[in-house]
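A, B, C, D, E and F are the chain letters, set down in written order, and residue numbers restart from 1 in every chain.
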Amino acid sequence: MANAYDRGRLDLPFTGFCTFAKAPICPDWDAIDATVAVLGAPLDMGTQWRAGARFGPRAIREASTLFSFGHDGAYDFEDDVTYLTADQGRIVDIGDADIVHTDQIRSLANIEFGVRKILAAGAIPVVLGGDHSVNIGCINAFEGEAPFHVVHIDAHLDFVDERHGVRFGHGNPLRRAAEKPWVSGLTQLGIRNVSSTNRQGYEDARAMGSDILSVRQVRKLGLDAVIARIPAGARYYFTIDIDGFDPSIAPGTGTPSHGGFLYYEVLELLEALAKRGQVIGIDLVEVAPDYDHTGGTAILAAQLLMNVIGRVLHHRR
Amino acid sequence: MANAYDRGRLDLPFTGFCTFAKAPICPDWDAIDATVAVLGAPLDMGTQWRAGARFGPRAIREASTLFSFGHDGAYDFEDDVTYLTADQGRIVDIGDADIVHTDQIRSLANIEFGVRKILAAGAIPVVLGGDHSVNIGCINAFEGEAPFHVVHIDAHLDFVDERHGVRFGHGNPLRRAAEKPWVSGLTQLGIRNVSSTNRQGYEDARAMGSDILSVRQVRKLGLDAVIARIPAGARYYFTIDIDGFDPSIAPGTGTPSHGGFLYYEVLELLEALAKRGQVIGIDLVEVAPDYDHTGGTAILAAQLLMNVIGRVLHHRR
Amino acid sequence: MANAYDRGRLDLPFTGFCTFAKAPICPDWDAIDATVAVLGAPLDMGTQWRAGARFGPRAIREASTLFSFGHDGAYDFEDDVTYLTADQGRIVDIGDADIVHTDQIRSLANIEFGVRKILAAGAIPVVLGGDHSVNIGCINAFEGEAPFHVVHIDAHLDFVDERHGVRFGHGNPLRRAAEKPWVSGLTQLGIRNVSSTNRQGYEDARAMGSDILSVRQVRKLGLDAVIARIPAGARYYFTIDIDGFDPSIAPGTGTPSHGGFLYYEVLELLEALAKRGQVIGIDLVEVAPDYDHTGGTAILAAQLLMNVIGRVLHHRR
Amino acid sequence: MANAYDRGRLDLPFTGFCTFAKAPICPDWDAIDATVAVLGAPLDMGTQWRAGARFGPRAIREASTLFSFGHDGAYDFEDDVTYLTADQGRIVDIGDADIVHTDQIRSLANIEFGVRKILAAGAIPVVLGGDHSVNIGCINAFEGEAPFHVVHIDAHLDFVDERHGVRFGHGNPLRRAAEKPWVSGLTQLGIRNVSSTNRQGYEDARAMGSDILSVRQVRKLGLDAVIARIPAGARYYFTIDIDGFDPSIAPGTGTPSHGGFLYYEVLELLEALAKRGQVIGIDLVEVAPDYDHTGGTAILAAQLLMNVIGRVLHHRR
Amino acid sequence: MANAYDRGRLDLPFTGFCTFAKAPICPDWDAIDATVAVLGAPLDMGTQWRAGARFGPRAIREASTLFSFGHDGAYDFEDDVTYLTADQGRIVDIGDADIVHTDQIRSLANIEFGVRKILAAGAIPVVLGGDHSVNIGCINAFEGEAPFHVVHIDAHLDFVDERHGVRFGHGNPLRRAAEKPWVSGLTQLGIRNVSSTNRQGYEDARAMGSDILSVRQVRKLGLDAVIARIPAGARYYFTIDIDGFDPSIAPGTGTPSHGGFLYYEVLELLEALAKRGQVIGIDLVEVAPDYDHTGGTAILAAQLLMNVIGRVLHHRR
Amino acid sequence: MANAYDRGRLDLPFTGFCTFAKAPICPDWDAIDATVAVLGAPLDMGTQWRAGARFGPRAIREASTLFSFGHDGAYDFEDDVTYLTADQGRIVDIGDADIVHTDQIRSLANIEFGVRKILAAGAIPVVLGGDHSVNIGCINAFEGEAPFHVVHIDAHLDFVDERHGVRFGHGNPLRRAAEKPWVSGLTQLGIRNVSSTNRQGYEDARAMGSDILSVRQVRKLGLDAVIARIPAGARYYFTIDIDGFDPSIAPGTGTPSHGGFLYYEVLELLEALAKRGQVIGIDLVEVAPDYDHTGGTAILAAQLLMNVIGRVLHHRR
């Protein structure tokens, strides 16, 4: 397939509309024709500290254009592979879920609605948060699908059952996920520091089958040993809280926590899983552009997603 | 009374805890002993564009210390009056209402609870938002009090009845206020620009007795004529959205709108009302520190509030 | 016509793709069906101080969504008019001209190409810069059209003929415009301060028929007298450099100059011209988001453009 | 005289070293050959709130290059005068006074030393602060010179005699100046808001001969009436605290105060004085770049100084 | 002990006053009842490059609320320990030392006064700077106490004896400490890069018994070997300059130096010492919020201090 | 040789003009008397994403003053060597090349002209960009000199031959260098991520003799093995794109790419080469201060250059 620069335009990254990876728009959610469909979930009512993640989808889309030079695909000289070519799969951007301010439940339902549409079309949903509570809508949408294993990258366990009646905020999603019959297991990586979850939360998580590893534990074990703890050949859902990364590369988030993952640590882990099983959905949450003054966090999110999607499409059967 | 600098400390503004105007803390809400009691309402779930006003109370408190040099009172050489002396009244800071993320209704109830405690103690509540929906909690707390006139400074009418089930967001508070039997009338000043309220909203507001004036209309009429439209000798409640001011001096807010009021325009208006009737409560909302990079908006809020409170205390009987 | 919120979505401003005013996209430049067509011109190679205006189109589009609540039209209570209703005209966003780095001439030609396509479709072009050199491409595109009068809002005269071989930078566009047979006259408003143009430039401008007024001169004359100096019933082209505005409301630009216009001064002037003649094209240039940390400059640009376009559509026959 | 662009270089503002107005450097303080000599005074130990003015000289010099296009002089079309031509006077930049951290007295002495060198050379000193305490060093240097009248632009009176032993901080300079036999009088303009000086300070200032006017009082009187209160034909020293300006155009300062002067108000006042008497020295203080994120405050300082210096040189005999 | 969320409030981190770790205030310095007492030292007159550390105490207190969810203690799942429970010790915040601008000596004396009060109450002082010169006041306060070993984390040696009469700036504290009879030794870790101290300074430091290691040397030796060089069972004082950390995680400081420590390197070192001996005092200095745009540096300081204090309280006898 | 602080001034880093390392200015390019001559190349027309590197030279010069305390030389206690003493070599700053906006070719010629002047004087050129296209001017200037090996630190290969006629943008320089007969070879280090160069570009680079290593490959090989791949005893030219470093320490650049080098990795590599051969020229490019809000990237550039220059001067024969 031809490069875009063989057509009439040079199409530098700063030109044109900001869809994810400059992918085509698909406003008709009943006519999604894609391998991967990107949905924005600009919801941040679930935050307990700094808000602002509602502008995450826009920032990630904008950052993704930096990597969209109009080539057909992205050549990786380390792998000697060209990822993201048209013949490996089609990406579309279906826009955002409708968020209703002051109404968390309805907003989550709208996110669920969008993901259900993507699944109905046979595409892999990639959801751009928003705070981590958007994951609740995403996981709900998989009701009735075959079971899958959730791989969770985060500084926080997000396993609070209920506090003051709150069950659907950004401290609750993994608990909500663990309750679902269609979630077969959880691996929670990067968890560290003074927690929003007390001892009981950790005990509950382990009791419900979660495998919890801190950044230091992941490093001590090494990539292969960590991967070996995750079921082989399974269906995987990735839920990536950007604060799983170190604040040095992901300052633009609500609740940064020092001592986090670096870029290649997460990329190599997700790449290994893309080879080990079938990735059925991804959400990347908690990018808050107001705290991302030079755009590096959004660039990290876009760079990671484009590389992960490229590897998922390349390795899937 | 002695100046603080006659005691052992110089107490420059950058030292010490950040309570409003370095006023004493009153954590026991059943023992408020004050003429004016300041309450923070760090709620921003009601926003339709940029959030962040949850950090407004902290920013305004911090900015208020700039004006707290440890003198007894603030001498104004233009008026040849020393305001804010201890013998004119006592200010306390009672801290913040408890905000429950994802639960707008409960959070508003908590704000209402705090204001009721202040009123029960016979003090004038000064509430620091948070987005404009916090006004709903404030006005609710006056149930059973003698009627009063609401003076509203804002770029937006905030008079939406309901959209998609939303009745308590930051586009609704003046509509909610107008419905209350204990609100005897409304004057809405500074309203301008492409509105979040359609034609019906304006018609409803007028039908419910609101007097609406744009910035240009206020300027054309002049201060005296505007004041004359507001009932004399009445009880006044001030609800001040910082976006009533021009973005040049109040950039730190969620939905700035060009063409707004300048500092003295609002100060002189509120000062005239402090002479004309009895100020029974104040809220100042929508200061969003994340968009206030040099702190000027928080300084504006603090400077305005301290001058207005000084005048209210000086002129009341 | 129904409001968008009667349909299935609330569509708050922060959701959805960032086209200008959330207008539909028109990627096929041979099938433009519109009354007004918006084109981005992300070019900033012409700058003599700070660059960054290449991200102006994206910032203005993003800011315009703040004013896009899904109502049908924008009700203005001061005028008691609803502007921007569907029956007054259709707006589309055709994306960006293709910019070729290091090649100013080719980039200007690409802008000219886009404007020609808009004119061929019978639509009014609204071009989002980019630095002021993009105006050269815009004016070129009108070759063969009936003559028109250029109304220029700017701090700078931009009337340099040539320096060191430079004829198409952001200090040259009005000189280039004045040379065109299809430009019947120029009114240059807001010009002030230590200039990039020496005495000769002013003399040339006047010799070529330009009417030059500083901000103070405009204020002294008053709106009506300024309007009276501009030919009545003519075809007008507006070229608006955002630095014509005061840095207090337009900090986000490359070469700010203190003492500029305020919001209503420019809006009322352009509104008066929308009534006085036929507006055939608009460019708004020099919004540089990197210097616009809270977005106020982009909001000014969007607020002005949406109000001006609304008035142009309302008043045209 | 030829423009610089007739020589080999275009010399755009962003090229070259950052001296004030791209003036030549004069490192040998015993060989100052100039009409105007610029000295940096990067001292901010005197601040009572936010520091950072130590980087003011660098920021103002950098901003001044924006107005340095290599023309010979700056043509002002409103006045039809070319200011700052070589034949009206020569400007040099002599660098900075040596600041010794933790030692305010010695640092002030070093500033005084530099100004004495300038005066000894027969040049007009223009000192770039630094906080307002640098004025103490400047005024001291005039010991033995003919008396002069101090014109003070500021939000604050800066007339504290002593607090906790502090006599040379940024709240004291005008008191220190008023004590000098060679200061014949003071006019203090722009003073406003909750003050760092109590009632006694104002009474002292008036008793020592100061004429104090607020921004509102200046506006009510009008330019001519204000000028008339200042002795005609006298020697004037200008001490300009950037916070005399409104925070909308001068956010980059330690203690902003809303309700300040706009650009032309101060320029026209200083221009009128340049015609009315002999300007013998200028300091401009309190530009704090850390709070000046887009550089507008430094640009204001540079724009004002270059225009004032131009007028001083043009009107002096 | 009950969690705070079992009481009436949820107390999210963004609500309430900003004391360190939301600890109770103790304004009466003669009635300190605590195991750990936190004192702010907002002094930055000692800086040789960028000031601003005077706002460090406020920023660290504010950041510490992020980790204050109202649980009783902080559960660490890696250690399976709950730190900071009420039964391990009581933390109070006694506010700030009084800083007198232009008077470094008096300000240091005021810091010393506060630390003496804490020591007299039998509590462990934790001092929040301010620049590193505040350490001079801290160490002075220990006069008469049993000897202790100073553990110094910093990019700079801070061992200048005197330059131009300066003996108490932020380049001098470790030299001042080394001179004290009650300081039994020094270990200086993280020192690197073009230094403010010349060869003589290093030789003096070594001659006075200091053990100096760069970041690379610490990494090469490994944690255990570094710890082994520090006397076992001793009394330790930690003086932590935030610029000992890498600029990637601590940009918010006056004199950043690339190549610094990462989070766990310092935490593990201090944790090992908390087990190895008795920690008798801590200062953490040079957090300058003006250079910490997203708050990450203050979060680092708060996260480190809370974890270190937790371990000190847990491991002490 | 005496330290500067033995002379009359303390000369803290924030005082004085901003030349590189506070070196003397050499405005006469025909009288360069130096071992190392620094030239600014403020050109950013070659950028494909974010511009702003035109202010790189100013930012790096300003940052370099942080490391300029007036000592004679910089003592490194790890090496026990004092670098940058006067007897090891003389550094001068010759100012900036003249940039002509809209004219990339002429601007590159002006950079070439400056480098030729430096080479003619027998000095080592150190060029401060500007975007990476300035390297084209630098390499051109070596025409006729003895062959040398280019060592390239970058995230991007910059090996595009031509796209849409563009041959001299910031994506082309290494291709242009490889074409020169006087370039004997290339080593390209740090290359990573979705590239602006497609597979063909890599194949061309390898075919033209380039040795390409990613960050991960460099780490896997280790410093010694990487050095061994570079010809020993050769003449080396260093072209350092600041985006070769990780965004955590170099956010202030146009096209950051996660996963980059850390500080010591590059310093040790360049130090090893300074010992292994003869360094004949250096350029450091793509520092864009608008994205470097706390100055850390400029500090990195200055810190690296001063250390590398020190080592080059120390180790050369």
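The rule is short, and it goes like this: contacts are C-beta pairs under 8 Å (C-beta built on N, C-alpha and C of every residue); 3 or more make two chains touch, one makes a residue touch a chain.
Not measured: the values here are computed from a predicted model.
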- Message: Starting at chain A, how many touching-chain steps does it take at least to reach chain F?
- Response: 1
- Chain located farthest away, centre of chain D as origin (C-alpha): A
- Where are there more C-beta contacts: B-C or B-E? B-C
- Task: Could you find the chain whose CA centre sits the greatest distance from that of chain E?
- Result: C
- Query: Approximately how many whole Å separate the CA-defined centres of chain A and chain E?
  - Reply: 37
- Item | Interchain centroid distance [CA atoms averaged], chain C/chain F, Å | 40
- Query: Could you say which residues in chain A touch two or more other chains, in rising order?
  - Reply: 10, 12, 14, 48, 50, 54-55, 100-101, 164, 166, 246, 248-249, 291, 293
- Which pairs of chains touch one another in this structure? A-B, A-C, A-E, A-F, B-C, B-D, B-E, C-D, C-F, D-E, D-F, E-F
- Query: What residues on chain B touch chain E, complex-wise?
  - Reply: 8-12, 14-19, 25, 40, 42, 54-55, 58, 62, 93, 95-101
- Contacts from chain E onto chain A in the complex sit at residues 3, 5, 10, 12-14, 66-67, 69, 71, 74-78, 82, 246, 248-249, 262-264, 267, 293-296, 299-300, 303-304, 306-307
- Message: So in the complex, the part of chain E that touches chain F is made up of which residues?
- Response: 48-50, 157, 163-164, 166, 191-199, 202, 212, 214, 216-217, 246-249, 251-252, 255-259, 291-293
- Query: For chain B, which residues are in contact with chain A within the complex?
  - Reply: 44-48, 50-52, 54-55, 100-104, 106, 133, 164-166, 168-170, 290-291
